[in-house]
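Look for chain A in each of the two complexes below; its partner is chain B in the first and chain C in the second.
Entry: the complex of A and B
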């Protein structure tokens, strides 16, 4: 047996031996089909493919064509000829057909993959009212085509690589030539190449390997299933990573304030876009701090509430046996359980969950004197506020931070909340996403860039790309002279 | 995570825990551990002490909808040598901690106020919980009785007291006075204090029904109550001090018939002048804009000449109000407007000579009142 330096076995000129080696390499899997066929006088070939993954009609057609014209088949090959058993096995595993030529010691890889995948649909997690509605699917080729369709530019550059020594997942790194900072791009490639993982089944597998800080719960890389969001990011000088088998693309670098942006902001008039963005920021703050403020106010700062309101809150809280913080935690946990149940439950019973949740946890809990009505309002408003945020990981982080902030508030009132906020901001300021400050452009402060982050600039006034992402070409367009 | 990071995080956690421990986590009070005090009445106690009565809202637990300020109330009373002590002693009668921060009104009995309110105001400030915006009232008789008067549609007196004082903006029969305003004057001595009066009256229809009424102001010399300004003096005072927002003026026009005007704007300009003999002369200019709102007179044609006549009559009426106020303030030697402070700021050298005997000087000051009214609208009356 001939072996190479990297422990690969060369294909032999003996057809039976090749079949044996390939079968052994494929763990003698039952769905491996190997058919011996003579395609020409004196030349025979072993056609290998995995049943269920291959378009056999196409394969037959190609073989027939090959019999007629020997020059035709190489036109359909996806990769160069394979010379080792391992390469042939990898090609088979990824859905290709391999033609092993007898007496030649080599094989030909043909793209005959036929896997039923989802069609392009509107992304369920990033619904919009106005703007393009197509979303990524599990097909990498399709996702790349979607990006190219919406961004038909010769400057769009796609770089392929395979990650995961077992899954050999196809990964595509997208950038824009002459716009994306090459240093960041090099760093992205370096980090992807150094991933030692066995399997990459979802984009988060890559995110966790290449992130700047593996110990943080804050997302340092954005995730989206919207092609328009990816294109918007590419045009800002950022980099996108598409991963085979998942509709979620990664975008990097990512800064905290971008968690409050949606691509739809740019589909509306800039006043509307700005107001919606501000509302999302406000909602984020309410979502994180409202339970904490409630607890701090009703346990420490009674004087700050208008007398009539305090009287109402006190009356409502009179029969509740638990301290405000316990009440608050109970409601927040109940809400999280309901939300999780709502996501996991089949759609048919999802409505029942929300009705039961609203009735049981809302009205019945109040009537039973377990929680006060005001706490139900606080929990509901908090929950609704978190729904306004795009479904990035920050959404989840904010929900987790609610608990911490509420705990601080129960210990020191508003001072506790301030302690929490200061600690949070200090921590956020210490984070980096591919070297970019996570709190930018707030810290370090750049007012001109904030005008397209906190609010949004009109398109004619949005000439300069954010300096934050170190794009090479800063101007988006040339002003009329 | 590196060892250094772990150390940093542990240090941060330790510092935070220390903050909580040193800061004192026990400052918290659950809402069902406190009683919310809404109003406080202060009366004279035995042996020069003070008797404190607190109006506290009962909290109803039945039903899902809270009643807000429509709850019933109960009262706690305690007596001690100082207000601070009395407030603390009241805790012995209460099953919960008393929260004074929501006290809307404090009512002093006139007897207590005659002895001086400085001590009480000082104690209230030291209690810290009271809001600066807490309203102050003075009542002739027992102050705590005012808390027990049930007002129509309001079961907590503090709501009634707040609403009544706000009525002064349209009637000019009283003036909202807050704790911080009185405290400032006690500390700064810029002018003498006036605190609105509260009284219990019988309803004009249902004689058995008792109502609270705010009409007139109590005048204080420094911190002691010295006199009561009735409606006319109060209006005169509010006009002269430029603090009037709205009021009504009437002119008679035949038997039991009157023209009524609504005051929509009032501005006062005071020009005190001290001559070399240290005699003070005060020139008071009042500029008032009024609208005609009621016309009961028969056969009247409104013309510029008629309006001019009304304006002259209104000038005389308003001047009379201001004159009554001036007479009152000179009689009791109370400078409620702060004329002394005007002289102080304008002529500090003269004030140095005048300061020690300002009360007497003010009482002997001459004054002239010039009223310029303008009837803006007759509301299309022909």
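Entry: the complex of A and C
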């Protein structure tokens, strides 16, 4: 048996021996179909493909064409010649058809894949009111085409690679020539090449391997379902990674404040966009701090509340047997459970959960004297606030941080909250995403860049790209005058 | 070989500003008014001028010995034995200042916010956040300090602006009625606040030096001076010279006077924000300098191992240092020479020796 360096078996010139080797290599699977046919006088070929995954009509047509003219086939998405059994098996497994030529010791791979996938739809996780509505699907080719369609530029560069020694997932790295910083791009390629994983089933698998800090809860890489968001990022000098089999693309580097941005901001008038961004920032803060603030105020700092408000808080809290911190933990956990239930449950029973949730957690709990009505308001407002953020992982992180902050607040009041905030800031300042400080452009402080991060500038005023991502080309356009 | 730590000019500036302004501006007006009543702004001015000189000493030392901090400098300048002894004194001072600030940090909450929580809890919380920042290193807390600077300055400005309808400029009159010399009794105290810059000599070697580094540093003292002046002036203009002396934290009383829309008041929470943030930067800066100095003094290989023992030590020292704010501020008041000795006289002496050595090298 002829073997190559990394234990690959060469195809032989014997047809039945080839068949046996291939079948063995494919674990004698039942859906492997191998048909022997003659193409020309004297030359015969074994056509191999996986049933159900292959467009057989197309395969027939291609074979007919091939019989007529051997030079034609390259025009029909001919993949490559294969010379080893393993390569042929891999091609088969990924949905290609393989023609094994007898007496030649080589095979031809033809793209005849036919799998039913979802159509392009509006992304469910990132709904918008204004702007392009198409979202990525599970097909890598389609996703790349979507990006190309929305960004038809010759400078858009796509680099293919395969990751995962079992799944051999196709991964595409997108960048813009003359704009993306080549050092970051090289670093991305280096990290992707070094991934030793067996299987890449979703973009998060890649994210966890190539992130700067594997121990952190904060996302150091953004993920999105929207082509326009990917393109916006590419045009800022960032890099996008598309992964086969998932509609979620990765964008890197990522800084913390971008978690509050939505691509829709740029589709509205810039005042509206800016106000929406500020509201998202504010609600992010409320979402993280409001329960803590309530607990601290009720437990330690009564004197800071105006007297009339204090009276109403006190009278509402009077029948409640628990301290404020227990009360707030109960409500927060109940809310998280409701939210998780809301995502998992079948749509038909949705109404039941919301009625039960509203009645039990709202009215009945207050009437039974388990929680105070103010706590219900606090929990509800906190919950709603976290819904305003785009569904990046930061959203979840903020919900987890709520609990920590509330704990700090119950121990030391406002001082505890401040200590928590400072430690959080310190931690965020210590993070980096592909060498970019995670808190930038806030710390290190750059006022000119902050004006396009916290609020948004109008397009004519937005000439300079953020220096943050070290884009080579700083200017977006050549200004007249 | 550890990666080179670099911070930029703005970060250095915010470190200097916060560590001088954040903690002292809260009670400075009261103590200064003790000496000069309505003319305490004059003391601030004098202190600020000496502060510029103090900063100049550190910058000049760094210029003569680039890549050194004051610990390695004194070792190089005075030889391993004498220099080592001076370095030890400086280290001791750095450690001492850390505990003083930590003590101030906790006393503020006991007096102004909530006397029910025992002091040691505040100390532990404070040292926890600072030790955490020290663990992450200078670069990280320098970045945080930029945010803190913005928050602090904006808050102080907002306080002074909101009080604008309560100012009585006539409280400042007559100006300097006792001549220029009589109010100078409190100068030492004022100098000791502005000279709170010992850590500058430790961080200077990590600053990315540009042409404007010096102007950033002096700008920092300038900003400090301005903010301090505003704090003293607004206290005097709102309460009058004599009444200011009666408050423990005049700035808190200032804030309690703010009232918008008739019934929105009690902005004390804003002070908690400023106080925690600025104390954090100050304690961390000294803690880090102390650790850095200790590393250089003993040539430690793994300085991070010393963070936890030092932190415990700080808590214990701060807990039993003084029994309350009264003793603390009276120590600051009567023993101001102690701080001035270490942060101004000793470095000046080093600078003098360095300059003489330089001259002898040139002539000989």
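Note that in this section the second predicted complex is superposed on the first by the 478 of 481 C-alpha atoms of A that agree within 3 Å, B and C clash if a C-alpha of one lies under 4 Å from a C-alpha of the other, contacts with A are read in each partner's own complex, and residues count from 1 in each chain.
One rule holds for everything that comes next: a residue touches a chain if its C-beta (ideal position, glycine included) is under 8 Å from a C-beta of that chain, and two chains touch if they have at least 3 such contacts.
For clarity, every value in this text was computed on a predicted model and none was experimentally measured.
Shared-chain residue A:348: touches no atom of chain B or chain C.
With both structures placed on the common chain, the touch criterion links A:313 to chain B but leaves chain C unconnected. Contact with chain C, but none with chain B, is seen for A:429 once the two complexes are overlaid on the shared chain.
Using the contact criterion defined above for the overlaid structures, shared-chain residue A:154 touches neither chain B nor chain C, since it reaches no partner. When both complexes are overlaid on chain A, the residue A:215 reaches chain B alone and has no touch with chain C.
In the superposed model, A:419 makes contact with both chain B and chain C. Put simply, more of the residues of chain A are touched by B, taking chain B and chain C as the two choices. By the document's definition of touching, neither partner reaches A:27: not chain B, not chain C. Applying the stated contact rule after C-alpha superposition, one finds that A:116 touches neither chain B nor chain C.
Once the two complexes are laid over each other on the shared chain, residue contacts for A:439 go to chain C alone; chain B is not touched.
Residues 300, 303, 411-413, 415-416, 419, 423 of chain A touch chain B in one complex and chain C in the other. Against chain A, in their complex, chain B makes its touches with residues 1, 5, 12, 16, 19-20, 23, 25, 27-32, 34, 36, 38, 57, 59-61, 64, 66-69, 71, 99, 101-102, 104, 129, 131, 158.
Chain A makes touch with chain C in their complex at residues 300-301, 303-304, 306, 411-416, 418-419, 422-423, 425-427, 429-430, 437, 439, 442-445. Considering their complex, residues 215, 298-300, 302-303, 307-320, 323-324, 366-367, 373, 410-413, 415-416, 419, 423 of chain A touch chain B. Partner chain A is touched in their complex by these residues of chain C: 8, 10-11, 109, 113-114, 116-117, 121-122, 125-126, 128-129, 132-133, 136-137, 140-141, 143-144, 146-147, 150, 263-266, 268-269, 272-273, 276-277, 280.
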